[in-house]
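Pasting the structures in now, so scroll down.
You will see two complexes here that share subunit A, one where it goes with subunit B and one where it goes with subunit C.
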Partner chain A sequence: MSEYVTLTINGAKVRAPRGTSVLDAALDYGICIPHLCHMQGVIPTGVCRLCIVEVIEKGRSKVTTSCTLEAEEGMVILAHTDKILKARKNIAEMLVAEAPNSRAIQDIALKCGVKDVRYPFRNKDCVLCGRCVRACTEIWRSRSLGFVGRGEQRHVALPFDERPEFCKRCNACIDLCPMTITPCDGPMKKGEEYFCGKCESQLSMSEDFVDSCVWCRLGEGFDVTGRHAGRKQEDKR
Partner chain B sequence: MRTIACMEDLEKLAEQKRKENRGYSRTVTLCAGTGCCASGCLSVIKALREELERLKLKEKIKIRATGCHGFCEQGPLMVIEPGNIFYCRIKPEDIPEIVAETLQKDRLIERLMYTDPSSGRKIACEAEIPFYKAQDRTVLGQNKLVDPCAVGDYIANGGYSALVKVLTSMKPEEVIDEIKRSGLRGRGGGGFPAGRQWEYCRQAEGEPKYVICNADEGDPGAYMDRSVLEGNPHVVIEGMLIGAFAIGAKHGFIYVRNEYPLAVEHSKIAVEQAGKLGLLGTNILGTDFSFDIKIARGGGAFVCGESTALMASLEGMVGEPRPKDIHTTDKGFKDLPTNLNNVETWANVPFIINKGSSWFASKGTSGSKGTKIFALTGQIRNTGLVEISMGTTLREIIYDIGGGSATGKKIKAVQTGGPSGGCLPEELFDLPVDFEALAEAGSMVGSGGMVVMDEDTCMVDVARYFLEFLLDESCGKCVPCRIGLSRMLEIIKDITEGRGTEEKLELLKDTAETVSVASLCALGKTAPNPVLSTIKYFRSEYEAHIKKKQCPAGVCRELIHYSIDRDKCTGCGVCLTACPHEAITGEKGKVHRIEDDKCRKCGICGEACKFGAIKLS
Partner chain C sequence: MTTADAKRVDTILKGREGASGELIEALQDIQDAFKYLPEEALRSVSEKMAVPLIEVFRVANYYKAFTLQPRGRHLLTVCMGTACHVRGAPRFLDEVLGQLDIKPGETTEDGDFTVETVNCLGACALGPVVVLDGKYHDHMTAGKLRALIQGTLSKKAKKTGDR
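Let's turn to the complex of A and B:
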């Protein structure tokens, strides 16, 4: 078996090491697929659903998340069809309505084409992307954080609501959390939330400049220090 | 009991059992299924036992307490053979008469016979009853022939002969081909072709392989899997054995919902019995095929019925779905090739092997073969379990089998496929039960729920109800399902409470589409069906709620308004005493009045008034 596979993403022939996810293959090539829960070096869970794409198999199209899909020889991927763009925009709109106090999420929404937010804002402190939980469990091999509850009750919790003995104080949970980057004008008060829509601080370069899309960096690590998941990505570059 | 080593052994055992049964002059079969137990069948069975004991008839008359017969509405049920005499709604007090008259003197008791409501005619034979006549009870029909705890009954009715046939004369590939040719598709919801799935699992790399029977059945109101597993566990086990042989699996699980203790017990007993007969364990029938089955209890959540969540739960982890980019037939339970099928899917397998794939494929439509069990509920006269040949129209099920409306009011819609099925209007009742036809119409065959609704149902409220259930049962892992459903519920509540706007309806539709396109598992993907189908077929009801702030069916509390008709009110004061919220004022003999701000819209006054003076608007 060859060590590389070649697949088609949005019409472009993309070569990627075997075992790479379609999302990583696309990002490495320079095709921007928005993503939030995905991190380098951590098992993908496919929960934010921003990175959805259409896979064409035997003439039929199936929607799946590109972060959980392993690139295979001859695979045909359409990442930006109207159907995908519409759903992705709506997901981003839901996310920003849920957590307007994250600049990362505001930027994601902007990038996904959200113009106005039609849902009432909820102003939560967590979007349940699971980055903290997975970094804690998988990168740092500590199990200080976990998910508790089902459905709307789901939340991130510490065992017995206390920082446990075995917490390594690595700060990964905070470094990787999209909620830690507040909007430029500071946190929004309840009832006064709005969709920024103008701020391009994180998006100084556009999707058209394939190689230097800041977007991908944004998706990978809200990791200011670069000590955690971002690390591996730097190595590869 | 001796172990079975070949076809002759099995036939010998079957013949011996049949001979035993011939020793009885009569067999009384009593349904001890879920519905009948609720209506008191256990005391009826006890009374019958005592009566036969008292009259020393125990040797002559056999009592068989079986799984569900399906006609739960009329329970407790009794069938007397020979004669196919059907008695319904039996009470313990009826027993002496049944024994003295019917069992001893062959005289029918008219009072206990079934009355056909459309003609008023009394019907003596089970087979003549319209409810049964229009059905094709391939799988369920065996329930009344076997005592679920007596493997002998199952064998006497041809049980395990399919397994012996497969093990002694077929190659695994031939079994798979036979199932493929039959066109059997999954009965648990997805409708995936079973033969193809088995083949994938057979070809997958990794050892050992597993087969699982999904008996989680979390849909509210559904009990077909329960009835099969409780009533005839051996047919499921035989199906799994055949599947395991075809796939090359070594171990099996029956994953049973925790709320089904009887199903757990019966399947445990059945597994033990099959083990003693040498039909489970190592070197089955002297071949090198070995297979065992463990019973696992479900995690309790609806979402645990989803295949990947079920496997996670079996592994002892939280029952949450995972993305299925890698199929469970490649990496399922413990990351090993696993084939999961529903109870009813497994139960069909022995019939296909015995009667042939062409027999199975002769029933149904071009894409949907065989029979399917539905749980018929709602405002329908004959509630119960019905098994019909695929391709039967909804109208036949609702009117011929179901007997039409229970309330006398016009039937307006039917929801098929469980909580995330769509609601189809009366105009579409000629649609056949077919995976593709129902999906195209915005609903699904699903696991086989069928809820009939009459004109007093508000379709917006129905959509709200199912949405609430599904949001409650969502695992909350992925964004579209967790946030999307909660936004949808927010909007639909706005609509039912009078805050709806056109824009919100559009947003509801947009959100619904996103949830169905982008959710991680089938719970999310199908959850918008009730909303989308009601918007599609009952848009005028949404518009009435939004534009006129009215609920045409008079269900949505915030939008209805009770008042007293001046011309009809006699001033009797009954409503005044009945109203628990003290919202009614008036003097004896004079017209009464409802104070709007106090009225909580419970409708009790309307039920109390004998003059029909309470108006709903």
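Let's turn to the complex of A and C:
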């Protein structure tokens, strides 16, 4: 069996080692699919839903998250169809409503074409993306924090709410959290939230953390106006 | 935790060294022995059973059967299920809580009562239902409940008086 698989993403032939996720394969080829919870090399959980794509199978299309989808030989993926861009924009809009104080999320939403937020702002301090928990568990093998409680009460916590002595103080949990950088004008108070959407130059964490894909030159997947060439090509087909 | 308590935990964990699959059973035994899960006991569980502390903490927080706070001598469970709700459970719950000066899930300062709520006990025809120390009391009213609590407290007063 071949070590590599070849699939098409937005019409482009992409080769990836067997076992790679569709999202990672796309990113390696510079095809940008917006994502938030995914981190390269860490087990994907598919919780933010931003990375949705269409998989075409026997003429039927299925929408699923590309971070949890393993690339297979001959797979056909459309990452930026109208349907996907619309759904993704809506997901981004809900994320801003949930956590307007995250610059990363405001950025992603802007790039996904959000113009205003129709959902009530909830202004949470955490979007439960699980990046901190997975980084602590899988990268640092420290298991200092985890999800505690269920349903509405589910939240990230340390055991007995104090930092255990085996915490490695690597700070990964904070560095990788989309909530640690607030929008340029500072944190918004409850009742005063708004969709920022002011600046396009929102680099956020992406310079330091390759994975966080907040500002992306390739940007295609973020664009709902269809200005980009790649998208036009796809429409013509 | 006293040394005696620590010994009790050790006995519970005996034979379970490294048996991470028995986590819930061990926690149940500790809950039975102490009526709650003391922090130090959970730390020993983590160490002896080779389960990361955060996992022990997560499981302890996940199930309603476990509590991390000591419970009162008497446990009062008030049903807030739909049937009991429409028959006025919230009203008398408020009253009891006011009387005892606590919130649901809390324990009175003197350690006499813990009040918890539950969503349906499966005895809707008897509603509103409350359970005091495992005994079901049906068709509750604020008055009946007050009498029940007073009765429990005076029984205790009598016992201490006898001594």
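Methods note: the second predicted complex is superposed on the first by the 202 of 237 C-alpha atoms of A that agree within 3 Å, B and C clash if a C-alpha of one lies under 4 Å from a C-alpha of the other, contacts with A are read in each partner's own complex, and residues count from 1 in each chain.
Here is the rule we go by: a contact is a pair of C-beta atoms (placed from the backbone, for glycine too) under 8 Å apart; a residue touches a chain by one contact, two chains touch by 3 or more.
Since we're looking at a predicted model, the values are computed, not measured.
In the superposition on chain A, no contact is made by A:Cys126 with either subunit B or subunit C. Once the two complexes are laid over each other on the shared chain, residue contacts for A:Arg150 go to subunit B and to subunit C alike.
In the superposition on chain A, A:Met188 makes contact with neither subunit B nor subunit C. When the shared chain is aligned, no partner comes close enough to touch A:Cys170: not subunit B, not subunit C. Once the two complexes are overlaid on the shared chain, A:Leu69 sits against subunit B while remaining clear of subunit C.
Between subunit B and subunit C, it is B that contacts the larger number of residues in subunit A. Shared-chain residue A:Lys83: touches subunit B; no touch with subunit C.
The residues of subunit A shared by its contacts with subunit B and with subunit C are 147, 149-150. Per the touch definition, subunit A reaches subunit C in the complex via residues 143-150, 157-160, 164.
Against subunit A, in their complex, subunit C makes its touches with residues 39, 52-58, 61-62.
Those residues of subunit A that touch subunit B in the shared complex are 44-50, 52, 63-65, 68-70, 83, 86-88, 90-91, 94-95, 97-98, 118-120, 127-128, 147, 149-154.
Residue ranges on subunit B touching subunit A, taken from their complex, read 301, 303, 318, 322-323, 325-326, 471-480, 482-484, 486-487, 490, 503, 507, 510-511, 513-514, 517-520.
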